[in-house]
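Think of it as A, B, C and D in the order they're written, each chain with its own count starting at 1.
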Amino acid sequence: MVLLFILLPLFEMVSQPSWNDLRETIADEEVRSAIFLSLTCSASAAAISFIFGTPMAYLLARTDFTGKKVVESMIDLPIMIPHPVIGIAILSLSGRNHWLGQFFQDIGIQLLGTKTGIITVLTFVALPFYINTAKAGFQAVPCRLEQVARSLGAGQSATFFRITVPLTWRHMITGFIMSMARAISEFGAVVIVAYHPMIAPVLMYERFTAYGLKYSQPVAVWLILICLVLFLLLRVVSSPIGKKN
Amino acid sequence: MVLLFILLPLFEMVSQPSWNDLRETIADEEVRSAIFLSLTCSASAAAISFIFGTPMAYLLARTDFTGKKVVESMIDLPIMIPHPVIGIAILSLSGRNHWLGQFFQDIGIQLLGTKTGIITVLTFVALPFYINTAKAGFQAVPCRLEQVARSLGAGQSATFFRITVPLTWRHMITGFIMSMARAISEFGAVVIVAYHPMIAPVLMYERFTAYGLKYSQPVAVWLILICLVLFLLLRVVSSPIGKKN
Amino acid sequence: MIRINQLTYQFPNFTLGPIDLHIEQQEFFILLGPTGSGKTVILESIAGLQKPHSGDIFLFGKDVTRVAPENRQVGIVYQDQALFPHLTVQENIEFGLRYQKNKTKASKAVLAGIIDTLGLARHLKKSTTKLSGGEKQRVALARALAIQPQVLLLDEPLSAIDPCFRSDIQRLLRQLHETLPTTFLMVTHDFNEAFYLADTVGVISKGILEQTGTVEEVFQRPKNKAVGEFVGMQNIFTPQREGRSLYFAGLRIDAEKTSEGRNVGLRPEDITVGTTHSFPDGFMVGRGILQSMTLQGFGCEMTIDCEGSTFLVHGDKGNIRDKGLTIGEQIYLGFHPDAVHYF
Amino acid sequence: MIRINQLTYQFPNFTLGPIDLHIEQQEFFILLGPTGSGKTVILESIAGLQKPHSGDIFLFGKDVTRVAPENRQVGIVYQDQALFPHLTVQENIEFGLRYQKNKTKASKAVLAGIIDTLGLARHLKKSTTKLSGGEKQRVALARALAIQPQVLLLDEPLSAIDPCFRSDIQRLLRQLHETLPTTFLMVTHDFNEAFYLADTVGVISKGILEQTGTVEEVFQRPKNKAVGEFVGMQNIFTPQREGRSLYFAGLRIDAEKTSEGRNVGLRPEDITVGTTHSFPDGFMVGRGILQSMTLQGFGCEMTIDCEGSTFLVHGDKGNIRDKGLTIGEQIYLGFHPDAVHYF
């Protein structure tokens, strides 16, 4: 029944538009560029999460310090905060009357209505998903393996690349895909920071408000298909992890 | 640095509005009723997740069947699907030209622009968070404890309530709070199903588009404070679980 | 009385059975086998916690194959104790009481007796996490015995306990078995435990029940090589025909007792050594080269090569020192013909 | 040579040390102690994997307290083996080689020798997950020895192995120690392993190093009750003054050898029993009541009450059967005065 509740709406939506509608929609230059923008921005956000999140995740998995719980809570914050609030918060920072915003403008970085802004917002929402997955991966590698590698003469970085990474790359890729999927799904935060350039969810929302349900459905179907492909990838990559349990 | 990236926008946003703005905003009847609506709808969504999600989570934790991975993937779907798509999918189902929508209307249930619609959408996004947390809780209880209880004469339901529940209620509560927090944060899916009655994120979005950043900030601050309270609760409740590790 | 008929299980990497087993009332039966030989699965099938692939299980004449675990009156004690962590010791022990039909005063007295025997009276109010391994195991025993089960199943109850406390629990098990009307079925991989506790033993290996019988029977007359090795016959040889007689390690054996292709087994502790040919009358005596000699506890372990066959011998340390044995030298070994086992 | 000076650790529920320890080059030193007594922490501090709270560690005269583990040339073998699961047996063994400065042909020959000694040649291409416990332990040994460490640390290498294979690994350790120029430091809770392997032992209990010395010293002359109990003296009594002499269990002891308030200890296997008063000359003989008699393996365990003191006695089963002992009857026990230990 729970499954039905989740699947029925998706299935019905996918089945309602005709093939013709779908073909017409994907032929639309605006739709294609929106989907492309969604994908590139999400991938960039996931990549940024990967670069900055990996050391953070390793630190959280291996060390124990007072206030670790607080840090972990802070990393989870973006999951919990209402999406428009995230957009507003990031805009607050980049306004011209704020020193940081001023600094960014001086070096030519603008968030409102730019790709940079979209990527910033998406990184904000995607980061916790990457860090949590990678952290779980690092925690699953026994400290002892690293200790033994050290005692055999491997330095810290040799140990990390020869022992830790080979045992966690699946988790890292899973985290990458999860954070990318989370970024693709974001709408509320992006719509505040950048209505234009238009990412796919924003385009869909615009079609819905401007033309109604029937015209937004084909875009939704395309978006969902792309998400499903991502998702299948995720499961294929992560399945050997599941088998270990 | 990762922490700074998450905290700085939030901190700056909270510090920008004056006390006066905040007081005026909370005095606004519209703001108060939007926040109240957000809270009640989210709580309802979390409660529905609790009722239907608990058996599902137990089933997933205790049994092993072919296609379990597929079922788990399906439960995770709502996390990945773009939020406006969720709204459109649910609306697709409830339209008058669909048999299910027809049936709902016959028994007086309407989704578009109603509280019922909001709760349905929020449950859709909140459910995976509850199920995954509860499942982790059930998995942490060794099967052996339940088996021993059975061998001592306790039936299936006695075993569940005397052994399983006492050992997982923390996870269950954590799951409840997480799913509620996730529901409060939702905007993209709700805005499609029900612009009115207005939940807090929608109100905030409206203020942003109608009056600009400065007028949306106080609402955002109030919403963030409420989320933080929820979040603190979550951490207080779940901390003994963390200690066990 | 427990009767198992043609029990089988199919696991992805492992097949168990078909197992036939019969255990008398009030017997102390020990199922011996190495780790991973399917012992725990048999216990859980008797308790109703695993559904067999095929076969039937009877408890006291009643077919219980399809009966739910809570209706079987079978107590189970696991190696890892599986105490309920949210309950105190007392709550753990009394967990099963409310489901018993005859909550008479008599059963309360029995419970008090069990708590007393197991020395748990002063721990009753404690949390189970505060107990040592041995104490936990005693709580698990008390909890299983509190419901006065017809059958008590024990899954390697001694292996998770520090060696110093093992003998205490062993003594306790013996005592409980002597005073209670319960049938005990225990699985273990340690044949010393079986020697100390069991009335009857069964040896299981790779999912097959190789031999059942009294302790003496199985230990003195193992049916095949697998059982022989498992019960401590570290010297196993296959005699060769030479002319009309059978020989191993240069020793002639009575052709009546065995035939070609079968094995002979000797325990290391049944062999004595010396530098001269003087052994008691009737002993079989061989000559070999002392290859190694290692002290072990208060004993000594030697390997001796006799015409290409290597004997492992356990001896008394002092005894051996007196005889002045030297590695690489010629040495005699002897044993009573009764110490030779044929299988 | 390993020298540890005033090493201490503070953990939330446990304090270790201060520990002073000195181990000679090429010695086989065994640190004995119950689970949770801090043995592993000492090993990890020598390997540099745990930072001590205070104190210094010297390896071959060099202060290594602050040296990174990869620069210490110390191999470590854990109870759980800690093999790298993503590498084959060969890749595991050769993991440390590329970090060694002297990659000469000689070291390749040494490696081949180690693989040969440990019998791993035919497993080299296998995944480590396909190995048995004993094989895994041998891979872990080979991996640690491949870097030709100055010191090899062994953390209960035998306890995770099935009992049947334990003696193989034990023999192997002895052999490796005899052929390699490496100092061995092993921790264990099993004093039989120490008896078989160690040159020198240290007994640690609750974070304190109670006694160090040769195996004989520690086993025959335990310094205090804690050590005595740990090395198998299950009969420990406190003699009482009566008049001008000291007595325990009705037996008078030489007042020169001990003083009031100290303990005497006797191993169960050093006591012989009989129904008559006939014991060898010079034996101390006591009279008591046989309280219990339980068969255990090929021996027998008896408890005998002598004027309020209970003796635990191990005897030979056949021997005892011949003497026809009965529970509840009067019995004599005797032992050589040298078997009594004072501490």
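The rule is simple: a residue touches a chain if its C-beta (ideal position, glycine included) is under 8 Å from a C-beta of that chain, and two chains touch if they have at least 3 such contacts.
From a predicted model like this one, the values you see are computed outputs, not experimental measurements.
Both chain C and chain D are touched by no common chain. Highest inter-chain contact count (C-beta pairs) belongs to A-B.
The mean-CA centres of chain B and chain D are about 57 angstrom from one another, to the nearest whole unit. Averaged Cα coordinates give chain A a centre that lies 19 Å from the centre of chain B. Counting partner chains per residue, chain C shows two or more touched chains at no residue at all.
The touching residues of chain C, counted against chain B in their complex, run 44, 47-49, 68-76, 78, 80, 82, 84-86, 95-96, 99-100, 143-144, 147. Here chain A touches chain B in the complex through residues 1-3, 5-10, 12-13, 16, 52-53, 56, 69, 71, 73-86, 88-93, 95, 98, 100, 123-124, 127, 131, 181-182, 184-188, 191-192, 200-201, 204-205, 208, 213, 216-217, 220, 223-224, 227, 230-231, 235, 239, 242, going by the rule given at the top.
Within the complex, the chain B residues that touch chain C are 142, 144-145, 147-155, 158, 162-163, 166-167.
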